[in-house]
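Look for chain A in each of the two complexes below; its partner is chain B in the first and chain C in the second.
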Partner chain A sequence: MRMVLRPGPDDLKLIGYYLGKVLFGLGLVILIPAIVALSAREWNAATAFIIGSSLCLIVAGLSEALLATKRSLTWAHGMVIVAVAWLVGAIFAAVPFMLSGRFETPLAAIFEAMSALTTTGMSVIHDLDHTPLSEDFYRHLLQFAGGQGIVIVVLSLFVSGGAQAGTLYAAEARDERILPNFIRTARFIFAVAGTFLVVGTLALFGALTFAGFTPSRALYHAINLFFASFDTGGFSPMQASMAYYHSFSVELVVMVLMIAGTLSFGLHFALWRGDPKNLLRHLETRTLAVTSTLFFATLATGLVLAGTYDSATAVFRKGFFTLISAMSSTGHQVNAGVTYLTDWGVLAPAALVGAMAIGGMASSTAGGIKAIRVGLAFKALTHDIRRILLPESAITVTTYSTGRRQVLRDATARSAMTVLLLFIVTYLIGTVTALLYGEYALTEALFEAVSVGSNIGVSIGVVDPLMPQGLMAVYTVMMWLGRLEYVAVFALVGYLFAIARGRTNA
Partner chain B sequence: MNVSMLRLLSLPLAILVAITAGAYWLDRVAPELDLDVVVDVPPPALADVPRCMGENDSAVATAIGNQFPESGRVTSSQLLNCPRAFDQKTVTFTGEVVGELIMRRGGVWAHVNDDPYALIYGPLVGHSAHVGFNSGVAVWFPDGTHEIIETVGRHAIRGDVVKIVGTFLRADPNDGGGLTLRADSVSVLAEGFTVDEPLHTLQLVVAAVLLAGALAALGLAQFVRRRR
Partner chain C sequence: MKSQRDALRAFFTERARGVAAIIALAFAVSAVGLAMSALIVWLLA
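Take a look at the complex of A and B:
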């Protein structure tokens, strides 16, 4: 550790300068619900949003005036900026929640903001069914901002240098370079989101109108549901979540949006270019196809054995929908959470836990371990078995496709295994923490820990506005870790250590 | 770690603490209303319904079902704790209609909450009773039963509180396996009303001051950028 150099004040200023840019973006995002609140004559909500936005803009303005620098970002800076941005961003985004009167403690408001930004979708809001329109819209809008990556907002709009932006892009767990230039990649992601925003909202509006909603209410639900579904967030305008709508057509549109949200942006790019073969041979697509088939078979068997549903329609609308919601890391529910415990038997919830742990694709808005890592871990395992079975002189080469065919290297497999292991350790920490309170059964504690740690949002009932504050704090950190997939957070810890114990640069 | 580094690190932390504490305090001093919205409902037919989970859940469900009287009152938490105990039984359910009446051929779907916001405190506006999530059940109101419902609960609106006698279905085949209550008869116990949300004047002043501060900070940033 003696070789670790202590960062200087200039490094901290550089980090502060970029954090200011992130807060500038967040301040603009918070202004949108302020406009909604003013137009809906929700005065207290409007002033809460103006306060939240103004605080962001004050810090952004002062950082621009006092900390501006032309120094280049290093990878360490990028990692630290992203890790801190997600924490500080959640605190600033929580200000309107703290002022809403719907959160008992500041921690609960920060939990809600972190859940929204990380697109987890767990909520601790009191009395959601009487929430102002603008506040509800804000919750969903945050999922959109977080799902697209708040740092990407900075990249594409406020940062001029592509190389500078690249370090932030990768640190935000978005390591797939779709286009040679990071700015163009970020803008492509916006183009995809923008297209889906228009098409998805229209489709939901049509389905909701067909389902019996008035046009104005259909539009309100459609916009919020789009944000929550495409960005695999899982919030809902009503406490009953998707069960509120009683509509197969709404569920179908939401399922399509959830699947679209869980596809990596690289695959979206391939599909936009008219290259569906890329989708079929991609390791992640194949991993998700195999695992979702296995999990659905297990889940359906579990539901039949438990006698939960006696028709294929019910198994599809409740079982398949929930599985897609879990695998895409969205978290929409077509059942009250406690019924997973009291009406789904044992096997079906176990299948859900497995699906939630794996999550969706890398470089998408989905959470979880990610299909690519599970696929790579499986490939590494079969590679080792083949090496044992073949003669010593034989050369074994394992390949996989992520858009182009690649040879599986030890470093790649080790990296995938490490993150996989870290996720499992996080699930265990969350489970044990819940069990320590003595209020939850093992099934509940494990289910919820996996759901929170993977940024899923399907709840069995542990997450609640009245839950213990210590557990709420642990879950908040788990959502942060899960979204950044550990690397940026470890870099932050290392940076803090270097500040405290590193050597000064002579 | 030298003094300037400590200062650089502690300043942002102090700002975050100040923002959080300030927002918390501002929320605590919000003006409150003196609302009296308690709806008098009889206690549930069964005092306690344990969660039906584990190996012996069907035996527990059967025992609870046998104890439950015809058309007895249930709460949503009891229905969710042990859905099988009440499956296809006639129950009485009381709660506030929230969201909207979703029009369908032959009737409407509506969500009916029986949580403390619905029956005791009213919508979370102008009071600070934090009593958790909303809780309720989906109700199918056939034509001829829903016409008496005039107000649905939304922000600052307490919807009609209705008493429903109907059949509880744990996995309703006409709702894709949803957990529903099929209403046979409905009566309104308390009519809905709008709550006049009091303006939080202090919050308005703080918002105006901070907005001016934000404009000044952005102006300063622009000025410094031009001089550079």
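Take a look at the complex of A and C:
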């Protein structure tokens, strides 16, 4: 097994150079809450953001000065850059958190940053309700940056050449090629997000004002809730999450934004171009429609049978909202996490775990296994059954639509099944790790592991500021793996193996 | 000047159509959710 070539100093230089560019972008992102902090006269927070931003910009400047290169990226480079960028990015993004004094340990700050960037939405912050405005804004802004794909956001702005960006775009688990050029695709994604930013913030502002908020508070909450909802992040400005608002209109707007966020950018594109037929034919839309209907029927039945809620409005506001929050991988909660254990019976939490495991659509801001993989796995299963039942001489062809009709190939089915299996293994590892601490029941451990591994953020209460550090570390890695859907991380592991054991060219 | 105005109109029309279609879809999904809630509560009452 000495077939792999050992990467040379030039390869590492190239990777370092692009990582510097990502940190440059992150440094600029951190400057935005610094401005908010200065205008809100939150001097301690402003200092923390300026230090965090400066660190990013200094490292980026050093990389530009020492590592600048005109070499082109290969597929392997792109994968390694993205995998490392998300780790390094979370560590640098955690610096303002570390300086804030609201986190028990540096690991807790990194967990929060990783949770934000991967749009998971689990939080280990102390006393969220009294956090400075700028710091809270920063948490939500990181979700927006991560949801859009921080690497592609940065590199499409600072790197010329579609091919370079394309390598990174695919590595960041955004493999839908909406437009022929990746830079144009990235710009379309920004256009969608930008338009929804205006429309969604205005709608939330209206709903919050209607709920009795003053205009300035309504605007602040609207912006943060937009970032957390459209980017399916799930952070909330208040500890009680969505339950704080007690407002049907706010919940409805948030629900619309969560659904919009879980649709793939390809479907956004089809709808922008006035092609709804594409939406209805798509395997992923159909899979999501069938699975969400089944999960909600199970969840609602469970809630009614357990006697948790007895009116349609309550089942809709609590049950349906939570299901959409789970399937879209947002993680907004309309009731305290512990109630899933104490009040929801058995059937409803089980349906919620299933919904969280599947998640939303590929090439959206949603997490989880993704509906397209579940659809492909189901197609592969029916294909195999048909092949067994039909005469041996018969040729069985299974097709599906992803905008255009495609023949199901073994490689496609295998790839979908592999990622599906890896997600399940990750859920199990998270569950077993939590169980090893002896503090959590199986239901709690499984629920939280699926929520973390799928980047959902609905919490049953395992994640809290005082949780065991080992479990926090495992959850941090799970969020990273889940966001990148394994491929880039495995490429990184392979690359490290090649550095250690690879064959030299000479 | 006129072509600029047309381009601007096309820009906003496309965005408005796209956002309206997605919002309509999201409301339709929510309506199905509410209908299912009512049906299940009624069936199990």
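Please note the rule applied: the second predicted complex is superposed on the first by the 506 of 506 C-alpha atoms of A that agree within 3 Å, B and C clash if a C-alpha of one lies under 4 Å from a C-alpha of the other, contacts with A are read in each partner's own complex, and residues count from 1 in each chain.
Just so it is clear, contacts are C-beta pairs under 8 Å (C-beta built on N, C-alpha and C of every residue); 3 or more make two chains touch, one makes a residue touch a chain.
The shown structure was predicted, so the numbers you read here are calculated from the model rather than taken from an experiment.
In the superposition on chain A, A:M122 makes contact with neither chain B nor chain C.
Of the two partner chains placed by superposition, only chain C is touched by A:A297; chain B is not. Touch criterion met: A:D310 reaches chain B and chain C at once.
After overlaying the two complexes on the shared chain, residue contacts for A:V22 are found with neither chain B nor chain C.
Ranked by how many residues of chain A each touches, chain B and chain C are led by B.
Contacts of A:L141 after superposition: neither chain B nor chain C is touched.
Of the two partner chains, chain B is the only one that A:W43 touches; chain C does not reach it.
Contacts of A:I499 after superposition on the shared chain: chain B is touched, whereas chain C is not.
In the superposed model, A:E104 lies in contact with chain B only, and not with chain C.
Contacts of A:A240 after superposition: chain B is touched, whereas chain C is not reached. The intersection of chain A residues touching chain B with those touching chain C, taken from the two complexes, comprises 310-311, 313, 315-316. The part of chain B that touches chain A in the complex is made up of residues 1, 4-5, 8-9, 12, 15-16, 19-21, 23-24, 26-27, 30, 51-53, 57, 80-84, 98-100, 102-104, 108-109, 111, 113, 115, 117, 123-125, 128, 130-136, 138, 153-157, 170-171, 173, 175-179, 197, 199-200, 203-204, 206-207, 210-211, 213-214, 216-221, 223-225, 228. Within the complex formed with chain A, the chain C residues making contact are 14-15, 17-19, 21-23, 25-27, 29-30, 32-34, 36-38, 40-42, 44-45.
Residue ranges of chain A in contact with chain B, taken from their complex: 6, 8-9, 12-13, 16, 27, 42-44, 46-48, 50-51, 53-55, 57-62, 64-66, 68, 88, 91-92, 95, 98-102, 104-106, 109, 126-133, 211-214, 217, 238-240, 243-246, 248, 251, 308-311, 313-318, 334-336, 338-339, 341-343, 441, 443, 464-466, 499-500.
Those residues of chain A that touch chain C in the complex are listed here as 191-192, 195-196, 199, 252, 255-257, 259-260, 263, 268, 271-274, 276, 279, 293, 296-297, 300-301, 304-305, 310-313, 315-316, 319-320, 323-324.
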